[in-house]
């Protein structure tokens, strides 16, 4: 498995009032990997992301990115949620360059890059459209491009396709894999969909119910590139049944 | 397979302006069966339901329920959508008895039955709560109970669990199967999730892209009762791969 | 909630108290003559000291305000429903409704009195004229935004149009309806005062004020202004109270007699206005 | 869209035309004396025939309306933002803001003139007094409903509070902001007229009307009322126009110079009010 | 002061009218301005209009204006309220307040009881009408409850009268008849002067200043009154020209020239007393007024006449 640690969480924990959202958790993510996180609702997955992104200060522990400690600081990750959070008053190209606009002046290069990315990944015709004109899948693609052009090495995707229907979702997954291959980023990907977690990742992390901690950390042996056929491939099914039995316990 | 035809569609078709939403389609559903319908977005699944429910008049064809023709008439099915459509200003019990209230006076028996159903299926404590106090899964359960107490033999469920996260969804599927077994209804169930369609049904109908028509009609050999383990059962996987290859064509 | 309620009753009172303090300070510091502007206490005493005279006048103003409010609310509701249900009515009436509000109401009072005579009617009409507008606009908007899937569902169940309207569409519009009513309530008393000035039978709060003014009894002028404002605020708060009572699902988890409360208010335009009924 | 536009321009005009017809019919059928109510044409002629006299007065009223509108809008925006951002300010000011609107504005004009003198200032203040309220309430409500996940996302990107406010929160509030502005615009002219009655240099549209009334020149009274109403409507429509221009995403698929349009309006309280800009 | 003052050294003073807008009773001031009488007296006069009729007094006491035009009732009320104001000259010398009825209605003092009984009488709610009406009702042997008094400060009595909403209106003859002429209704309004039916014949309008201003600027007050007197006399002699000057000064007032001219002509007869004098005030007028105001409880105490007025700033002759 990969060689160089990009992100390192050391004994992160977080409590909200009486709710222990995150039990002390450590995790190391290597550069360029695609790591999926699954776990029951309310187990602290989003809390984990918020801590990494700097939106929440952990009660204890340290977040290291590359060589620096970034606990509680912002501005060092790309972030994307189930809600696309596109702003309706900006065109597609302006939504893609939004991170730049929020921190500095948008340059011609920013726009050029946004255009290039949009064209490359099938939204070239929609640059001047407003988000309201796009389908759910297209909107999530724009949201992802916006995340991409932040040039952050680490991308946190929190159920990005959770609101899409199954077929669109499958298309988006394939699209995401293509983009990831092209752009050499490190992805942390939260999902409730076990198929999705396996289809996309190098590594599947399963979390326990609240208070959240890491139950298991599976390497995903499925070769790349992957196609829809892999969803019924025995290697896939085997990993799926292991993950499901952890998630659903005696039910399985 | 079942013996007595409850619903019969004869060469139903529907055009919206220039969009052929539904090519002439015939379908027979036997009493007590659980039939899943899958198909790409926009292929006319919801249109089909609207025609059956009487919300839309088909351009041609006939809808027969039992011995009578009900084309264009309403009041003869239970109907449920992805949106739970609970009314926020009524308590759970009043939401469950809503169909009665909409057509006549709500009787003590109606309320008694609603209470019984709610208690039986795990919502007994929430009878006097407003929907805003419930989780997504609980809301869908209330919506389903509301559909149930209409005492319609035929229930049309249009992606009822589409908005729920994967784990809640799995719970709801098991719950639905239990209720269905208890109450002896006929269910038509639209979904985009192939796993779901197979996990639930006796029969999986696959529709083509627009203009929608029936591509295939698979009998589902999976024995009942079903558990989460069935999701990785070879019979299941085989049917899944057949359905997926029809849906995703050469991709698979 | 307990601290919240106290807090939410105390802070408004404190801020209104501050207002009186500022007023007092200005009058004292600039040594303003009492016939130019009174001190707050004088203004209040001019009301309490003449309570037996003022009380029937206040009742009269309240009566006009309330009647006008109900007429306006009813008209507004009716018009809103008609416009939402019949596109032609909307096309035809929307411009008229808009124009009705752009007409300076004070230019309207005199002709109304001429047409309607010196009774309570023109006052009620003026109040209704002011009140109906926010109600119509909000009801129209509210009805246009009722989830059509919910309406379809009612049809699938075999509900009549009327039952669907009463059981689904009207309750679904309660929040904008109450917003409209609250705005209307706040401005209703202004309408009543304009009407009283134009259609006096010699016995009204507005005329009392006018006479006090002619009399250089500035304390009474300010005092009656305070009274008018209180009538407006009281009526507004009453509507807020009715809303809280009538829409328990906006802030409760469990139907009444339950214990837990939710912090989310549900009103729109005047969302923040539920003084004393929000938890912070 | 073409048919829609035509339709949406024609129907309001037809309905206003009908209004004039009804008026004419009443006057003719009941044989109303000219000093009681003029015929529509007489009213209009009383304006066109005195255009050179009226024009500067109209300009004056427009000036007061516009200045007051901008002051009120600015104040409303500021107050709305301050109240949304600083809970203490909201607690302190909300009651005052409410009370300010319950005060009968006509009772306020005279003291204002005494304090502010006989300049344009008291008129501007009265207009602003009316305009700021819907703006404040809508901005407050709008800002309170900005998606907090969007704000968090901006923070993740490292945006400052100020940039987040300008680039995210303000545009996200544009729809309620414009609703507030439209309501304010509609009532602004009424404020100007009240102010003119109270703070004249003897040269104003309101006084002209008052004097025409004393003269029993009822045609001029009705004529000037029409003019005032037109000022109000025109200003309202201008704000609607600015909204359409400033929020193209509400009705367009593609940024300007694109071709396709969408039918959805975005404004709230006055959603239905975008005459001439909706397709049905 | 006076004759040799140049433009630069003109003393600026402000005059507050009694009504929110200008009308023909302002003609003496307009003429004094137009004919240069103020300038000749070294004054630069600005005219302001109050938000309502009772604010003129407040403008004087807050020094927003130095000279004011108010009714004698306003004066009585102001003194009663402790406002340090002083009437320095009468505007009109007698009481032209009257009852009016539609053309053709018989309206005589002798038959007043039966004429008014049970009828609707319009009042603007102004203190003058409120203090005169009791005299007339008493004269007609009527109590307040035997008539219906309609009080409508924002309405128009003539419209209501002509439209039959009320049976009688009350106003001053100059305003009422000038207004009626605008209605183009045939005939003459029936009219009964209040003084013919028990109302005291006392002046309605006066020029006022504050006591402190008069004490500190006696020559300015004198100069002002001198110029106004010249203006009045000129306007009495040249009513047509005077009305045109008003039109020129206030071209956008909303009044027609006919209204202004008629109104002014109807005002002229009331400007002088029986011996042809302008301005002169008497103890009798003020004590009659004060007692009348006291009798309707508008004021709480009757002050000596000198508390209300002085003639000492008036021009000689």
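For reference, chains read A, B, C, D and E in written order, and residue numbers begin at 1 within each chain.
Just so we're on the same page, a contact is a pair of C-beta atoms (placed from the backbone, for glycine too) under 8 Å apart; a residue touches a chain by one contact, two chains touch by 3 or more.
Everything numeric here is computed off the predicted structure, so don't read it as measured data.
Asker: What chains touch chain A and also chain C?
Answerer: Chains in contact with chain A as well as chain C: B, D.
Asker: From chain A, how many touching-chain steps at minimum until you land on chain B?
Answerer: The least step count works out to 1.
Asker: Quick check for the class: compute each chain's Cα centroid; which one is farthest from the centroid of chain D?
Answerer: Most remote chain from chain D, centroid-wise, comes out as B.
Asker: Identify the chain pair with more contacting C-beta pairs: A-D or D-E.
Answerer: D-E
Asker: Measuring from the mean C-alpha position of chain B to the mean C-alpha position of chain C, what distance in angstrom results?
Answerer: 47
Asker: If you average the Cα atoms of chain C and of chain E to get two centres, how far apart are those centres in Å?
Answerer: So the centroids are 41 Å from each other.
Asker: Among all residues of chain C, which ones touch two or more of the remaining chains?
Answerer: Answer for chain C, listing residues that touch two or more other chains: 36, 106, 110, 114, 197, 213.
Asker: So which bits of chain E are touching at least two other chains?
Answerer: In chain E, 52, 58, 62, 156, 159, 163 touch at least two other chains.
Asker: Quick check: what residues of chain A touch more than one other chain, meaning two or more?
Answerer: none
Asker: State which pairs of chains touch, listing all of them.
Answerer: A-B, A-D, B-C, C-D, C-E, D-E
Asker: Going by the contact rule set out above, which residues of chain A touch chain D in the complex?
Answerer: For chain A paired with chain D, touching residues are 53-55, 74-75, 77, 79, 81, 83, 85, 87-91, 98-99, 101-103, 128-130, 132-133, 150.
Asker: Help me check something: in the complex, which residues belonging to chain D touch chain C?
Answerer: Touch residues, chain D against chain C: 7-8, 11-12, 14-16, 18-19, 36-37, 83, 87, 90-96, 98-99, 101-108, 110-111, 114, 134, 137-138, 140-141, 144, 186-187, 189-190, 193-194, 197, 209, 213, 221, 224-225, 228-229, 232-233, 236, 268-273, 275, 280.
Asker: Hey, which residues of chain E end up touching chain D in the complex?
Answerer: 20-23, 47-52, 55, 58-59, 62, 64, 156, 158-159, 162-163, 175, 179-180, 182-185, 250-256, 259
Asker: Please give the residue numbers of chain C that touch chain E in the complex, ascending.
Answerer: 33-36, 106, 109-110, 113-114, 117-118, 197-202, 207, 210-211, 213-217
Asker: Mind pulling up the chain B residues that touch chain A in the complex?
Answerer: 40-41, 159, 162-163, 165-168, 170, 191-195, 227-229, 231-232, 237, 240-241, 244, 247-248, 251-252
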